[in-house]
Every structure is written in C-alpha cells, then in structure tokens.
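Each of the next two complexes has subunit A plus one other chain: subunit B in the first, subunit C in the second.
Here is the complex of A and B:
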C-alpha cells in the first residue's frame, strides 16, 4: 500500500496545455476517482503516474518517493486499461502470470498466485483459454487478475468498464468495490461516468480543462459543489442552473421573480449577477404566488418510480423530478417552488 | 412465393457456374506449368516436335542431365543461400526500422517514410549501373556477399513499409501493459509486439525470398563466375544464340519452382488471421 502525491503537475504537448498545475494528495488505501469530461486530462494524469507519459513540470511521488524518472516497471503499480490490453497470444493463465514471470518469480509460486487470483475472480475454468475465447466481462476480469496477482502498492484503472453493457458494468463495479474492501490497496480510478465515481470513490477529483475543479467525498461534491460545472457534472439528472442577480437584502431575482434566501451569501454584493442552482428533485410543482417561477411544460418522461418533467422557464430549460402522478399535458403552464435552503448560489 | 419455389435451384445453378468458372480459370493458369512438365519429360532434342497433350515416351533424362552434367545443384544452393540471407537480413532491417517508424514520433518521420518508398519507384534497371560502380569500388563484384547486399537493397524498402503497417495495427496499450508488468521497452517488443507481428513478418520473409529468388538482372550483372550463378542465371544459360535446350530449360524451371513452393508452405502456417483478436475490447 502507498500514498500518492501529484505536485504542481503540468503536461504540455507543443503549445497545448493538457494539465495545468495539478495538486492532488491521495492517502494510503484510499479509493480516489478522477472524473471529468473527455479531454479534461484525467487519463493523461493516470498515465503519467504509471510512467507511460513524461511529465512536463512538477513531481509525482509514490510512498513519498519521487518517481518522475522511474520506468513503469519500477513503480510497483498495476494498471487495468480501458481496452483490457490482454496479450492475445497467451492463455488466460499466462496473461495473469506474465508480471510474475517478468520479475523472475519461481514457477510454483507463479502457479499458486495465478490460481489464487483466478479463484478470487471466478476465472479458474478459463485458465487455458485464449482471450478471444472469452466474453467482455471475462476479459475484464482477466485484466483485473493480471493487476491483482502482482500485489502492487497502487492499482490504476483507466475507464475499465466503459466497453461493457449496462448490467455487466453494474456487476463489475461491485466487484471492483469488493476488491478494494478485500485488499485495502490504494486505487486510482478514471472515468467520465459520474455514477461510477459516486458509487466507488472514497474521494472524487473533478477535472476540467486540465485543472482540478474540486476534490471531495461524493456527498461533499453532491451537496456542496464548488462551481456550476461540478454542480451539473455530479448528480443525475443534472442540477438546474438559472441566471439571476443578487437583489438587495436576502433575495435573488430570477427572471421577474424574487426568491427569498435565508441568509445573504458571502462575497456577493447587491446587484451582482450570479448563477442559482437547484437539483431536479428539490423543485416542486406549486400554485401561482410570490416566489414561484412560471413556465411551460414541454415534456413528461415516465421513469416508473418517478417522473421527469422538462419545463421552459424564460430562456432556461428546467428539469424537475417528482414522485407524484402528473395529469398535465405538454403546453400547460406550471408553477415551480424552490425551497431557499436547497438553492446553490454561484458567483458569475 | 415465386422466389420461394425458385430458391432451391438458384444455389445449385450458382455453384455449378462458379465451379465451371474456377475449373476454366485453373486450366488457363496451370496449362503453362503442365506444358513445362510435358516438355521436361520429352527426350532431349525432341521438345519442338511434341504434338500431343501427353508425352509419348516420357523420360527423366533431362533431370538427370541437369544434376549429373550441369551444376544445377550448385546453382540451386546458391539461390537458396542468397535468397535466405537476403530475406532474413531484410526482415531484421525491416522489422526494426518499421517498429521504430511505427512507435517513435519525430520530426521528418513521414518524409523519411516517403523517401523509403521513393526508392521502390526506381526500376532496377536504372540503379544497376550505379550499383555496379559502387560494388566495383567496394570489391563486391562477383561475390556472394555482393549479390546478397544487392538483393537486400531491393527488398528492404517494402519490408520497412510492410512491417510498419503490421506494427501500426498492434495497439500500443499492449506494450504499455507489458512495461507496467515488468518489461523494458525491448522486453515489451520481444514478448508482445514481435510475437503478434509474426504473420506480417512471415509475409515479409516470403516477399523477400521470392524477390531474391526470381532476380535475374542483379545476378547476371554483379556475378560473372559460373560457380556463383544463381539458378535463374543458370536456366538462362540453356538458351544459346542459335539453339535452345528447351527440354533442359523446362526441367530446370520446374526444379527452380520447388523451393519457393516449399518456403511458401512452411511460412504459410505463420500467416494466420485474427492473431490480435481478444486483446482489446
């Protein structure tokens, strides 16, 4: 097990800054997920930790030792790739045992550890098969077996579930979580899927445009997003964001509606433009009156346990999630109430 | 419904027509080979008088003459030596250069590739004179080494292109995984990239072997001693200014074809499709 530290990491390809002054500190045994949209630099950051990409500036430490100049094989890490990267000319058993053979582990020891890893991942019946004879989920498990068998200090996962179908993804997600609970090894996981991030992580690092947007536990990010980007990225359906202004006293103005806030947000002066966010399940349909927003119902999506309504409020498309049965038809005028304590205020 | 009734006959008709077409094409392709065999089995001197499709008095005397009275075995051995060395060395060059061009990013890489390809655009006849002058200066004229070097220059450019193509098709993540799993760059090449490129390397070897085996221009120009002739050169020697030993020439041509067929069949088992399947996704 090991701690990992990224210090002022910058990555530049010619004139393009892929990562800019990134600082992340990961504790021993922690499960940290890097999440962000495509091109935000999350995979690059992971590959730099693995030693597969050179670092333009900054330093990476594993267990307090700077590893910038160490080749991948000397970093005591294991990595599961997005496309599995199984060696197609080797059987499952040879794939799993490959890292041990490369470091000269005695043959009986290799056989013991391979069969242990195969047992743990349910691969024992497939040890003699070639990767092409396996299903997607089994290949994914072989890739995990190859990582597990080394008993590394840090596990790296680069979007390992993105090629699996939805149900298999949920099952494999559970297996990865169980693996972490069982081994207690530091794991760093890259994904663009916020649900994977929320369900797996001890802490989430949200990246955007090569910079860290926010670091926190899943609930911290969900309940107290530091920016509209994090607010909209974490949580599904995404948080609604309205443009507004800070009225005098403790009111925000959205379109022509004044909504009372319990307390005045710090650092925002009267008249300042701001962004107001609210999660879809925190908005309620109500009667017309003070402090409600009016809009036109555009779409009703039935989800079984709830309904997702899309409503046009001024120039903003708003989604609300409600448990109640809806008898309204698209085109109807609806009134929205937004509890002040559920509002997230962001300076613009 | 009409289609439903007609359907059972359609595949049969297609199969029949296809079989007729394949047999006809095969006959057109194989007839020259068969005719070579007929002439080769005809007694020496009577080849021009053959009027039947089957040899009336088949004999192996031409084959015996080739190996007893003429240095055919020597010429074949020379051809095997030159073709094997030239294709093996070209393979080594092509593999390493192709791998480097596939994996390394450096300025001028594309230009270098185009320059390599440009050398293939020159007809061999246009480079034979400068090559002759170079070889004379280097003392490589009339030597086996010279012929091997000459043939390498013919094979290497395409070998580089072919091997680059094969390495491009191998995902770099496989080598990255190998490097994390404990390999050096070279280890990842030998343990992962090279075994996966074997079908491509076999194809390059066959291409190099056949190119060298069939060469006549270089061996005719760069070598003069009869004991260094390759088989292609030897076969040509049966054709004189006033008279051609047709039966011997045909017998020699048949013998000449055998090693290439053997090499192809030996290497063929390495040329398998789908070697990469299952590695990714």
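Here is the complex of A and C:
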C-alpha cells in the first residue's frame, strides 16, 4: 500500500504541452479515477507514474519516495492495459505467474499465488488455455490476475473496460470495485467514461487539455461542479447550460425571461454575462407564467422508467428528464420551470 | 422474374467446372504446367542423364544405361568429402546469417538516429551480385595487400593470413563472404517480424519486472519463432546450393578443402566433361538438401499450445 503524489507535473512532446503543472495527491488505499475527454493527458499521466513515459518537469513520488529516475520494475506497481497486453504464446497460468518468474520466485510459491489469484478471479478452469481461447471478459480477468499476483503497492488501470460490451463492462466494473474492497490497495484508474468514474472512485480527477479541472468525490463533482466543463462532463444526460446575464439583485435573464436565484452569487456584478446550468431531472414542465422558459418540443425518448425530452429554447437545445407520462407531440410549445436552488451559476 | 433468374443460371457443364471440387485444381493448372515445363522436365532429364554414360572423353559409351554412376558415387571419397564441406558451409552460413540478421534487426528496430541509414546499409550487400561479392572479398582477403591483413597489423597477437590459401581458414573465409551477401534476406524478415510485435507487450513486461534479456527471451524470440524457422529453411537451401562465391574465391581449393558438392559437380561436368557423373552428383545434392530440410522440419515443434502463430 502506498500514497502517490504528482507535483507540478509537465509533459511536453516537442512544442506540444500534453500536461501542464499538474498537482495530485492520492492517499494510501484510495481509489482515484482520472477522467476526461480524449487527449486530455490522463493516460500519459498514468504512464508517467508507471515509468513508461519520461517526465518533462515535476516529480512523482510513491510512498514519499521520488520515482522519476526509477525504471518500472523498481516502482512496485502493476498495470492493467486497455488491450490487456497478455503474452499470446503463454497459457493463462504462465501469464499470471510471469511477474513472479521474472524475479526468481520459487516455483511452489508461484504456483500457490497463481492458483490463489485464479481462484479469486474465477479463472481456475482456464489456467491451461491460451489467451486467444478466452472471451474478452476472461482476458480482462487474466490481465487483472497478472496484476494481483504481484501484490503491488499501487494498481494502475488504463481504460481496462473500453474493449468490452456494455453488459460485461458493468459486471467487470463491479469486480474491480470488489477487488479494491478486498485488497484495500491504492488504485489509479483512467477512463473517459464518466459513469465508470462515478461508480468506482473514492475521488475523481477531471482533466482537460492537460490541466486538472477539478478534484473531488463523485458527489462533490456532481453537486458542485467547479466549471461548466465538469458540470457537463459528469452526470448523464449532461447538464443543460444556458447563456444569460446577471440582471439585478437576485435575477438572471435567459432569453427574455427573468429567473429568480435563491441567493446572489458572489463576485458577479450586475449586467455581467454568465452561464446557468441545470440538470435535466431538475427541470420541470409547468404552466406559462412568470419565470418560466418557453420552447418547442422536438423529441421524446422513452427510457422505460422516465422520458427524455429535447426542447429548443431560443438558440439552446435543452434536455429534460421527467417521470410523468407525456401526451405531447413534437412541435408543441412547452413551458419549463427551473427551481432557483437547483441552478448552477458559472461566470463567463 | 423467373426468366431473369434463368438467364443467370449457369449451364450444367460450366457449373460442374466452377462449383465442383475440381475448381481449385483448374485454377492452379496453368501454373503447374509452367512449373512442370521449366523445373520438372530438366529434373527428369537430369535423372535420365545420371543413368546414361555421356562423357566427352569416352563418346563411344553414350547410350549405355545402368547404375554405374551411382556405384561410382558410393565409392568416391571426394563425394563424401564434398557432402561434408557442403554441410559445414550450410551450417556456418545459416548460423552466421541468422545471428548477424537478428543482431542488425534488433539494433535498428526502434527508430533511433540514422536508423534509416543503418537499414539501407544492412540491406546493401543483398543488392551486390554474388560474383561481385566474391571479387570484393577476394581483394580484401588478399595476403599481401588485402585490407583485412592491413587492419590486423593493428591488432596484437593476431597475425595476417593467406586466408584463401590456408586449409584451416579457406572455408570460414568463404562462409563470412557468403553471410555478408545473404544475411540481408534474413534481416528484412526479422525486421518485419519485430515490427509486428506490439509495443504494449514490452511495456507489460517492463512493468512485470523483466530485464532486457528476459524481454528478448520471453517476448521477442517466441514471436519470431515462425519467421526464424522459415528463414533457416531458406538459408539452408541457399547455403547448400551456393556456388559463385566458392567457385570464384577458391575454385574448391586449396587442395579440395572447399570443394563443396556444387563445385565438385561443376568440375565433373565442365573440367572432366563427364556429364552423366555430374548429373549423379546433382541428384545427390538435391536428395541431401531435401533430407536436411525435412530433418530440420521434424525437429521443429508442432504448432499448437505454446505457439504464437
């Protein structure tokens, strides 16, 4: 078990800054997920921690020891790759035992630890098979077995579920979570899928364009996003964002409508442009009146337990999620009420 | 609709040809005929010749058929010696070429400075005709003014040699020239094989605490196994039937020390003018190389568990 610290990490390829002055501190036993869109630098950050990418500037420490100059083999980490990176010519048993064989662990010990790992991951019947004879989920488990058998101080996962189909992904997600609960080892997990991030993480690091956008628990990120980017990235369907202006004391103007705010946001002067966010399930359909936005219903998507409506309000496409049955047809005019306490205000 | 369908239906005779089990054979028939004509016929002619008695020094014996050439071969010590030299030459060139090619491919695998230039340099010997290779190495091996002896002047404890004239050094010297000429064939195969190994496997191995040698042993070699097997067969055949470099550099000398089966065959045909005996030696060469290759194939483990391919 170990803590991990990224201090002022910068990564540059020629003139391109991939990561810029990143500071992240991860405590012992924590499950931290790096999430962000493609090209945000999350995988690079993980690979730098693994020792697979050189660090341009800054320092990385594992258990308070700076590891910048250490090769991967001396960092006491294990990694699960996106494409599994199983050795295709070795049986499942040999794949799992490979890290132990490389350091001359005695054979009986290897056998014991491989069979323990296989037992834990339900791989015992497949130990003699080759990776190509396994399904995607089984291969993923072998890759996890190869990491588990090491008993490393930090586990690294680089988008491990992105090659699996949706239902298997949900199942494997659960297995990874259980693994963390059982081992209690520090885990760092990279994904572009915010649902994976929300369900797995103790804390989430949102990265964008090589910079940390926000760090916090899943609920902190969901309830108090620090920026419109985080607001839209976390949560599904994504938060609606309107452009508006601060009207006077406690009102915001969106299109022609004045909407009351519960409290006046600090640091925003009257007349200042701002962005107003609201989650789709916080918007309600209502009657025309003061403080409601009008728009044209464009699309109704049935989801079984709820309905997702797409409504055009001025120049903004708004999604709302409602539990009520809807008798309206596309083209109808609808009125939206937005409770002031559910609004997220971001300076523009 | 029915008439349209009918129009596209093939006549039954054509459908037997194109849809029946004979179709693959029909497709390869032209190639088979061509190969039969350019390879099969000369081989048959060589077999016939080996049973005949065509020797320009005994023209009267022509047309006398029998196994006399084979009886002579069995009793010919020069043929046994030639078989031995050919085998040595083959083993030497295979080991040398595979070792050299693998080293070169590993060195130029990753893009480093001048790697493009290095690759071209490694491929260059392949473009040099064997005859020119022989002439170049002939000059380099020269005892008096050859560059090799000149360079050895700077090396303590090793004296210059008459490389192609000494019995002990002639065969190894020929092998070195042959390796220089043919290793690029193996190099280009190995380079392609190395490029096909995913980088991720090496990354996983580095994280799994494998050192450079362990990475080579557990990842590179298993992935190249199939390519190495193919290359070795190719090089075995190339080595066994090699002729121009040996013929030009030593002509089989000194005192028969490099007289491989191909050189002996040449000498029998064009020096002794005994074409039937030369054909018999040729048949021996074909049988010997075929047996060597088949024996090697038997040594290879079968594809299955534990194989990449």
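By definition in this document, the second predicted complex is superposed on the first by the 348 of 348 C-alpha atoms of A that agree within 3 Å, B and C clash if a C-alpha of one lies under 4 Å from a C-alpha of the other, contacts with A are read in each partner's own complex, and residues count from 1 in each chain.
By definition in this document, contacts are C-beta pairs under 8 Å (C-beta built on N, C-alpha and C of every residue); 3 or more make two chains touch, one makes a residue touch a chain.
Keep in mind that what you see is a predicted model, and the values were worked out from it rather than measured.
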| item | value |
| --- | --- |
| Overlay on subunit A: subunit C relative to subunit B, clash or fit | clash |
| Partner chain(s) touched by A:163 [first = subunit B, second = subunit C, both, neither] | first |
| First (subunit B), second (subunit C), both or neither touched by A:280 | neither |
| Partner chain in contact with A:91 - subunit B first, subunit C second, else both or neither | second |
| Touched partner set for A:210, first subunit B, second subunit C, both or neither | neither |
| Contacts of A:235 with subunit B and subunit C, given as first, second, both or neither | neither |
| Subunit B versus subunit C as contact partner of A:50, first or second or both or neither | both |
| Touched partner set for A:146, first subunit B, second subunit C, both or neither | both |
| Contacts of A:218 with subunit B and subunit C, given as first, second, both or neither | neither |
| Per-residue contact with subunit A, leading partner among subunit C and subunit B | B |
| Doubly contacted subunit A residues - partners subunit C and subunit B | 50-52, 71-73, 77-79, 81, 83, 85-89, 98-99, 102-103, 130, 146, 150 |
| Contact set on subunit B toward subunit A in their complex | 171, 173-174, 176-184, 187, 191-192, 195-196, 274-281 |
| Interface residues, subunit A side, partner subunit B - complex | 47, 50-52, 71-73, 75, 77-79, 81-89, 98-99, 102-103, 130-134, 136, 139, 146, 150, 163 |
| For the subunit A and subunit C complex, residues of the former touching the latter | 50-52, 71-73, 77-79, 81, 83, 85-91, 98-99, 102-103, 128, 130, 146, 150 |
| Residue numbers on subunit C that touch subunit A, as the complex places them | 198, 200-201, 203-211, 214, 218-219, 222-223, 305-308 |
